[in-house]
Structures are given as C-alpha cells and as structure tokens.
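As structure tokens, here come the structures.
In the two assemblies presented below, chain A is common to both, partnered first by chain B and then by chain C.
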Partner chain A sequence: MTAHQDDTGGLDRRRLLARAALGGATVVGATALGGIDADAAFAAPQSPLDPAITKSSFVEGRITGISGSVLEIAGSYGDRSRIRMTNATSVWKVRPTTAEVIEIGDGLYARGVEMPDGTVAADAVWVNIVNLHTTIRGIEKKRLHLAHGHHELTGNVIADTTSASYAGRAPTADLSRLRIGQSAQVLGAWRPSDDSVDVVRVSVGH
Partner chain B sequence: MLATTSSLAPVVLAVLLGWTGAWKLFGSRVVQQAPKTALARMLRSSERAALVLRGTALVELVLAAGLLAFPAYPLPGVATALLGAGFTGYLGYGLVIAPESSCGCTASEAAPVTWRSFARAGVVLAGGTAAATSSTAWWVTVVERPATSLALLAVGAAGLVVLSVDPDRWWLLPLRRTRLRVFGHPLAGKAAGERVPVAATVELLENSLAWQAASPVVRSGLLDHWEEAGWRFLLYSGVHEDASRGEGDGDGEGGARPVSVVFALDATASRDTAGAPAARVGVVDADTGRPVPVDLTAVRPREVLPVAG
Partner chain C sequence: MACGSTSLWAGETSWFCCGNAWGPCNGAGGGACGNCQSSANHGAWPNASQACWDITRPDLCGENIPRRGCGSVMNVKHQCSGATVCITITDCGPRTKEWCGETACCNGTCRTNRVLDLTPAAYSALGDLSSGKLPVYIYE
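Entry: the complex of A and B
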C-alpha cells in the first residue's frame, strides 16, 4: 500500500517512522477502547477526555464541489458546510488513500475541528462509507448478491481488501466460510456509478 | 403446436391473474403496501392507490374467470391483452417518476420494478392476444392431447414461478446453494488464509494498551500502512500538547504541534492469536521529523467495572 508514500523520499520517511516506532516504548496488553477506524464513522460521537482537544465537529453529506483543498458539502438535512483537507487528514475510500480519489457526487463522513473561517479542518474523512445489514443471496468469484431489506444489492469482492469476520472473531481474508442465506453486516464503500458496494468487511454469525 | 399453445394460454393466464388478483383483493397487506407503490405517487394519495389496486384485483379475477369459462370467445383474451398493455405502460411510467417504488403487482412484494415486472406484464399482453385468437376451448385440447398439454402447462407454471419475485427463496437460493456444493465455493482457496489482513491488525491495535496510551495524541484515522521485517507499521497523524512548552513560545498554540504517530505490531498477530502481542509506538514531529518524547508507559489498563446481574 502506498497511500502516503510520495516518489521523493517516501521510503526514507517510512524508514524514519519505522525507527521511531521500534525505538519507542513497548506497550503490551489488550484493553478495549473506542476506535477511529472505518467503523468509528458510525459510532456515537464521543467528546474527548483530554481538555486540550477542542470540541470536534462531525460533517456528513454529498460533495457538491471541490475547490483546491476545500470540499463543499451538502448535508442530508439541507445544511451546507466546507471541509478543509490538510496533509494530516486521513482519507478512507475502500482503503486508506489520498485526497485525489475524492470526486464530486461522493458521499462523505468527516470528523474535524471547526476553524475561525467557518471551514472544518478534517482529521479524518470517510468517503462513500456504508454499513448495511444484509442477507447473502448469492456468492460468485467477484461479487456477492445481497438483499438489503427488499432491495437487491451487488457487493464487489475486492482482492486483498475484502475480509470476513466469523462469529465475532478477528477479520480474516478467508471468505470461503460465507454461506447463502446468512445474515451479514457489510461495511463497505458505495459506488455511485453503478450503485453497487465495494465490500470491505462482511461480518456473519454475530 | 401453436394452436395447442394458444388454446392453453387462458389457463396459465387465469392462474397468474387469479393469484395476483386474489392477493390484492383479499390480502390484508394491500393497505400497508399501497403507499410504497408508484401508483400512490401518481395519484398523490395512498387511499386512492389502495382503491385502484383493489379495483384492478377485481378486474383480474373477473378476467381469470372469463378466460377459464369462455376460452373460445375473443372478448376475455382481448380484455386481458389490454390489461397487459396497461400494466406495461404503468410500469414504464412508474419507473420514470418513482424508480424506487414497488409496482404493487402482487401486493405481497415490496420489491422495486424490475425486468420481471415487465416480463410478467408482457406475458399478460402476449397471452391475452394468443387467447383472443384461439377458437379451441382449453378443455378440448387437454382431452385431445393430454401429454403435450400437461407438458406445456408445466412449462407455463415454471415460467410464472421464475417471473415472480416472491418464490425466489424456494428455487433460486437452493439452486445457488446446490451450485456451490457441486462446483465448490467460488471464494475458496484464492485468499491466502494465513495472511492477516490489515483490518485485523488495526482491530488488534485498537484493543491494545498502546492505543489507549496514544489516544490523547492521535487525531486522524489510518493514514498509511506497510510491512517491514515482520512488523506491520500503522501511521496516524495527531497533535501533541507539550506541557513544558508554554504559551510564551509565540506560536499561539500553547505548545501544540502536529505529530506523526506510528505503531508497529507483529504482522502475523490478530485478536485471535494466543498470547499478548506487543505493540510499539513512536511519535515523530511532523515538521522536523525529530522524535517527540511522549511518556506512554504512564497509562495503566482501565479496570473493567463490575456489572450487576
């Protein structure tokens, strides 16, 4: 994955970061705490415990325009907002990626900090993310046929990205235990062009 | 053969119309389904839509009876063909003005208009035309050529089943299951099952003490990840508030500076792996690239509160 690796010095930067991590403190243990990965886009907004962190804002809607590093957003409830992308903003669109893949017409969830000029400086942006309760109705090499309510839905299986979680266990690349008729929670990215969903994670037996 | 087919068309049509008509007329769900149909959008009223659905159902039942009782007369066939043409027009119009709505064709389904709805309307149109042109009663054909008639009726029944969305789970899903059983699971073997996906590493990290320790610093979602020498590195961005750098620094940020937070975890470990996998954390100044000393060892595991009951 070369999401944020630029041509000049990308590897050097990675080496530097790797050294920093391996030289850093080793922390062992497993204690649950809220995440900020793709799942977190659907979690209830939590106010940070750290008083130093200013209140973070949450924005959702469709992208109606892109001017430079600012995204114009039309919210689902008629509200409008502007999101400023920075070099520290994480962008998720099926996978961690860069701001170049964001297109007009995409849906978006973003978390960030409101700036004095009214824009929201984004910490994290999730593009076209969907989280659907579905039933598996067909399994093919490249796609899953899903039913979401009464709607038929095509879920694209993406090599090296689609993972499955069985009965609450850790995500695995092994998709061969999916069965027709199972209820499946599908986390993925909606494709506006053909209304299908790129499946990122399918959880069954939960 | 063609004459046999057209003389049997009334039977197949009567079954289809009788089925959908009875559902719409006697089914209790019509009133619930009516607001979701394209008809409700056209008439701007769910009550009127329900009335029209019931009315159509009555027409369908009358036509079904007519087709069965008077197969040699052209009138029921012509009326059925007109109904089929009307259905086709309604579906086309509904698809344009309310593509998400259901067609209300069988009242038991809430599925949106699909090719099946059109095919069913086409069958009514074509079958009606065939019935109108046939001058032989279906019972005469059945008595004269029982084997052919039964075969044709069976084909017709199978066609109706395929064209209805409702019995999908009675035939389509078992068919797909059988295909999986015979030809093997299409997604088996292609994924190297041994490899731990990045999502699993991220999940492991988010359950770790390292994550808890670094959470006041981390602001972004996952920015980048890569593997090196058995480690999987996960990169985030964040802001580090340095208490030792005061307000007097002149940057107006109270000593806050942008940092990169990088975690290193065993690339083969996941939440299901036995043992306690180690996670390493490094914090680097985003501008200068210098390591930022952050005391992460001060964090102690949160104690799980006892739950009553």
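Entry: the complex of A and C
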C-alpha cells in the first residue's frame, strides 16, 4: 500500500477506521502499517462513526512508549493519551511513510475518534511536524540558519526532499534565490536528537 | 457566542503552534490574547487589534479585513471538501503583507492571500497539516 493509494474501494474511510479499531478489520503491527493520503481522510464525510462516538478527537504531545499498535502520549499540558494505529492510519514524518519510523521521544499531532476503551483510533498522525515563521540568518549548501522568535534554529536541507516556494509559486528544488534577511515559512520535521529541523518546504514572499 | 453562517471573508489559511508545546514550538507562548493552545480549535486573525493590524497589514495585499478581537468566533470551511471547524480568535496573525499574492487551490479554484492562521487542532479538522496552506471560506 503506497502513501497516496486509496484502497478503501469507496468505503467511507472513517467508517473503515472504526471497523479497523473495533475489530472489523485486522489491526496490524507497526511494520505493516501503511500511509493513506491524509487529505483523502478529511475529504470524507465527518458523520459520527457510531452512536457511542459523537465527535472527532485531536491529540498532541510527546511519545513516551510504543506498545504494539498503541502509542503512549504525554501531552504538553500534563495530560495522557493513547493513540491506536490501524491499517487505515496515515503517517507523516518528513514525508508520507509508515509507522515503523515512529520513535519514543518524537512529537506528534494526531486526529481520530475516541474508542470505548479510551484509545483514540487515528485517521492520521503527523510526527514531529512544524510550520514555523522564521527569518533566514545564514545559508549553506546543507543547512539554513534560521531565527524563530528569540531562538536560533538549524534547518537541514534534505536531498530530494527540500523545496522552496518563491512568492507563492509552485515549489522548486532550486534554493538559490533564498536570501539572508528574508522572512520564511518553514514546514518540516523537528529532530529531537539535536533540536534541528529537516526542511521540507521553505516559502518566501516578495 | 456561537459560530454563525454569515459570510465574513475568504482566503488562504496556514497553521501555527502556540501555548505549551514540544520542539521549536516550546516557548511559543499564549499568543496576543494569552490563551492560545495548539490542541484547541483556535486561530489568529490579522486584525485582532490596531497593534496587530500594524504588524500584519493585509491592506497592502488589498485585503481590508475587519476588526475581530480576542474571543471572536468564526466558522472556517474548506473551499472544496466542505469540512468545517468552529474556532476562537486567540492570537494576531498571519503577517499577510509578507505573502501578497500567495494562493491555495483545490479542484482548480484558488484563494489568494494569507488571511488566517489556525492551530494544528483546527487545521487538521479541515485537511492535512503537511499541506501547509488551504483555501477556506470564513463565516461568523
């Protein structure tokens, strides 16, 4: 199953998710989890999945443990959550990927529905994703030096991944028109190991 | 105050983090209104106050966005999917003037100029966080 493949055969994705989480479909191990385009997930009708499930849930925090297909999450306000991964969960970490790349210590945003057992069956999880308003302070071939608020931040240029968007135009691999002093929106993935960010797209205006 | 259905504006929305958070977002603070949280359905509006307007200057992109202060509520609807989220304004932003002419499109129809920022919770109710920007209608 590829990241952009919709293999639901027309079946409502959220209903499939509920069936997967509730046992109507096999809940698979992390290595077999595929990523389905998250846009497709949210284009689907947002009707309740089950009379017992009245609304969608959002979870944010750091991953403190992984038990089979369940991620243990410590929220930034001291709350605790458990995310249940299913074979209908889309995963993003730098790019659409599979759950095997998820690690303890990663940051996470997840969208799903709360199950009767208290877990949140995830439609989509975004691992370490950030979207930061920065100023470019330095430019090297393999990294950008950025200012984010009052903090300095290293942006790693990733071959075959990092792109730039100039004045709203389509993203390009050409980073040569970036300039020191420009305001830049950086969409990327935080690296907990060194507190840098892998840059997926850097957007600059006029 | 409840979210309404009277058309207010249309344009492009991005997303941002605020409040207690992990990674580079740690220390982002509670925003201009002091209570912004990434995990809540919150948003940033370019004309949350005069001081805010002076920073964002949407008028330089031809967007004379009306004043809506802290605590204002808005319904934000994805232009194509129809997915909707009710948000509360808790911050000032985006800096519209820096992105004049930027577009977000779906199904061949585009919205121009960045007129709204959503928290991850709100944005993910409409679409994929990795898209970075979406075309939306805004109601109150």
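One rule holds for everything that comes next: the second predicted complex is superposed on the first by the 151 of 206 C-alpha atoms of A that agree within 3 Å, B and C clash if a C-alpha of one lies under 4 Å from a C-alpha of the other, contacts with A are read in each partner's own complex, and residues count from 1 in each chain.
Assume a residue touches a chain if its C-beta (ideal position, glycine included) is under 8 Å from a C-beta of that chain, and two chains touch if they have at least 3 such contacts.
Just so you know, these numbers come straight off a predicted model, no measurement behind them.
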Based on the superposed arrangement, let me know which partner A:W92 touches: chain B (first), chain C (second), both, or neither? both
**Request:** Return first, second, both or neither, reflecting whether A:H151 touches chain B, chain C, both chains, or no partner chain.
**Result:** both
>> Contact-wise, after the overlay, does A:D174 reach chain B, chain C, both or neither (first, second, both, neither)?
In response: first
| query | Taking the superposition as given, does A:G205 touch the first partner, chain B, the second, chain C, both, or neither? | reply | second
TODO: Kindly classify A:V127 by the partners it touches after superposition: chain B alone (first), chain C alone (second), both, or neither?
DONE: neither
Considering only the touch criterion stated at the top, classify A:G138 as touching first (chain B), second (chain C), both, or neither. first
| said: Touch test for A:S163: chain B only (first), chain C only (second), both, or neither? | reply: first
Of the partners chain B and chain C, which touch A:I83 in the superposed model: first, second, both, neither? neither
Chain A contact check, chain B vs chain C, more residues touched by chain B
Residues on chain A touched by both chain B and chain C 37-38, 92, 96, 124, 126, 151, 200-201
In the complex, the residues of chain B that touch chain A are 102, 109-112, 168, 172-173, 176-177, 180, 185-193, 195-200, 202-204, 206-213, 215-216, 218-226, 228, 231, 233, 235-239, 241, 254, 256, 258, 260, 262-264, 270-273, 276-284, 286, 289, 291, 295-297, 299, 301-302
Chain C residues touching chain A in their complex are 14-17, 19-25, 27-28, 37-39, 78, 80-81, 83, 94-95, 98-103, 120-121, 124-132
Per the touch rule above, chain A residues touching chain B in the complex are 1, 3-5, 13-14, 16-38, 40, 48-50, 52-53, 87-90, 92, 96, 123-126, 137-141, 150-152, 157, 159, 163, 169-176, 178, 180-181, 200-201
The chain A residues in contact with chain C across the complex are 37-39, 41-43, 46, 56, 58-62, 75-77, 92, 96, 107, 109, 111, 124, 126, 128-133, 148-149, 151, 153, 167-168, 183, 185, 187, 190, 192, 195, 197, 200-201, 203, 205-206
